[in-house]
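Listed after this line are the structures, all set down as structure tokens.
In the two assemblies presented below, chain A is common to both, partnered first by chain B and then by chain C.
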Partner chain A sequence: MKIDGRHKIRTVAGESIIIMQGQTTVDMTHVVSLNATSVWLFERLAGRDFDAAGVASLLVEEYGIERERAEADAAAWIEKLRSCGIIVE
Partner chain B sequence: MMRRTERIAIGLLRQALGLAQQAADDLVTELRGLSGQEWREVYRFTVRHFVTAVVFDAAERLPAEVRPPRDLLLQWAVHADKVIRDNERIAHATQSLVGLPGVQGIGITVLKGAGLASLYPRPELRESCDVDIYTGRADDFNRAVRALGIEVHDDALEHKHDCFEYCDVYFENHRSFVNSVPGRAMRRHVDNLLVGLLEGRGVRRAAPADVPNPDFNALHIVVHTAEHFSHGAAHMRHLCDWALLLASGEVDLTLLRANIAECGLLRFADAMTGICIDRMGLPSEAAGPVQRDRELENRVMSAIAGYDGKIMHDLQHKGWWESAVDKLRLFIDNDWRRRLVYNNRSFAHSFVKQVSQTVRYRIFGRR
Partner chain C sequence: MKTMPNNALFEAAIDEIGAGRSVLLRCGGNSMRPFLHDGRDVIELAPCTPEQIVRGAVVLYNYRGQYMVHRIVRLRADGRCECMGDGNLRTETILTSDVMAVMRSVRRRNGRTVLCRSASWQWHWRLWAALRPVRRILLKIDYLCRYENRRQA
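So, the complex of A and B:
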């Protein structure tokens, strides 16, 4: 999987967001708000292929958390961004 | 008298243009206690006046305690993002058009839009919805693009340009620059002045296409804004373009003033300039000589601030009779604007000219 290169993080009044513009004829625009960890993962993984295990390893390495918790957090992060179309296969 | 939310929107616009060291404290003071509803009115003002992305740039940099509510700020950010993406799409379409076989040998100059956007602190935030081009060889251009399968709507009799769509972008290929200046002789004279400036002083190389020189842009802005103002359609983006162009210091102000006088638009242009000095932060030394009339400037400012694009949009979607009655009412309401712009021509004179022009091109196909 990878992060769709069309999406960029914007900072609006201190908040990190990704704007998903809708089709021109359908108002499906929405905004995805990212916390600091999400932003950090996005920036580390942009432009490269990765898997859930790799995301978990990054979290363990950066935050010193237990592997089991890192895997759960990684799965949640991937699922959130995949459901928005930001992470693609 | 302008509403508080209009004053605030214009204050934010002034901040965003960066022409003067705004008394930021004054603006912050005025913003304290602004309700969510009032903030929405400020936002809607920017949308009506095609300056949403520009004003957002100032709004998001406000101190946290006076920023718009979060949900509005995010909505605003979405709108600004769309403006940026639309401009990218327009630039890509223009670059592609310029490179088309058969078109390459025909010089394309992009009017307004791209040329004026470069004056802004952040060019990508200046809102555009279509592309105005000038080739000087409209028939050759039409033949070239039609040969490539692009459908061109020859609308030269109704307006002053041919239209086509390319890469989902709407292009207007101008044969002339003037539409509603009363009197064919004057229209021709103003047009010749502009063509002379464009072809005589040349174009500037830019991406994605050439843009006019500043002297052409300056006169064109005045003529264009005056036309819009005369029928109630001038808005804040016109004033932003004017303020930024004068502030650039690239315009021959002596030549400009002479040209504006030849077009009979001095009084209106001076009102625009005065407004830009007082409201948009234009340094007075950059404006050159200007005859101030503050009462007139306030009236013009109120009129521009009160622009409601919805009226124009609604006219296009009404039945013939309803539309005719509304147009007559607007024509009467706009009489003072026409007198200002076109030097006190009487209502009867303007009305007869408008009707005869309409009859000429509806029935006889001539302007």
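So, the complex of A and C:
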């Protein structure tokens, strides 16, 4: 899976949001707000192919959390962004 | 669900428009009824040229710190224009140079897109403009219909 390259992070009113930016049109009708960890993951994984295990490994390395918890968090993050169309197969 | 502050979203939109892109935004508020419906319609704001700033154009501007998307109802010789929400009764006077974007199209709930240069859109706003003397009554009827719909929902 990968992050759909049309999605970009912007900071609006102190919040990081994802907007869909086409070449000529930007869709701001579905704005997804991200916390700091999500932003970090998004930036690390943009433009790369990855899987749930890879996301969990990044969380373990960066935050030093247990593997089990990292896998659950990674699955939740992927599911959320996939449901918004931000992560695609 | 979290709602972004309106002004903040408009500022992000203006950045994109400044970069030459058009922006899709969901309509918020009732000031453009009956043409635009709160939370239902999606408007496309696009960079504009001076030739597009004409009577009847729906434009984005900042008025006393608030971003507004209202219709130009009168162009004045002194370089100002009077704007007014279709669902409002009072005008805002701005400099023509303060116009930041022009509305190019509206996407309705059924997915149909109406272009602002289409004959249908043009005909409807001209009719609405002609009815301005009785707008207060028409808006009251519209409000009562909405109230009744909400009550039944």
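In this section, the second predicted complex is superposed on the first by the 80 of 89 C-alpha atoms of A that agree within 3 Å, B and C clash if a C-alpha of one lies under 4 Å from a C-alpha of the other, contacts with A are read in each partner's own complex, and residues count from 1 in each chain.
Rule of thumb we're sticking to: contacts are C-beta pairs under 8 Å (C-beta built on N, C-alpha and C of every residue); 3 or more make two chains touch, one makes a residue touch a chain.
These numbers were taken from a predicted model, which means no experiment stands behind them.
Considering which of chain B and chain C touches more of chain A, the answer is C.
Applying the stated contact rule after C-alpha superposition, one finds that A:V39 touches neither chain B nor chain C.
After overlaying the two complexes on the shared chain, residue contacts for A:I17 are found with chain B and with chain C alike.
Shared contact residues on chain A (touching chain B in one structure, chain C in the other): 10, 12-13, 15, 17, 19, 21, 29, 31. Note for the complex: chain B touches chain A at residues 60, 64, 67, 70, 73-74, 77-78, 81-82, 85. Those residues of chain A lying in contact with chain C across their complex are 10, 12-13, 15, 17, 19, 21-29, 31, 33. By the touch criterion stated above, chain C contacts chain A in their complex at residues 2, 4-5, 8-9, 11-13, 16, 20-26, 42, 44. Taken together, the chain A residues at the contact with chain B in this complex read 10, 12-15, 17, 19, 21, 29, 31.
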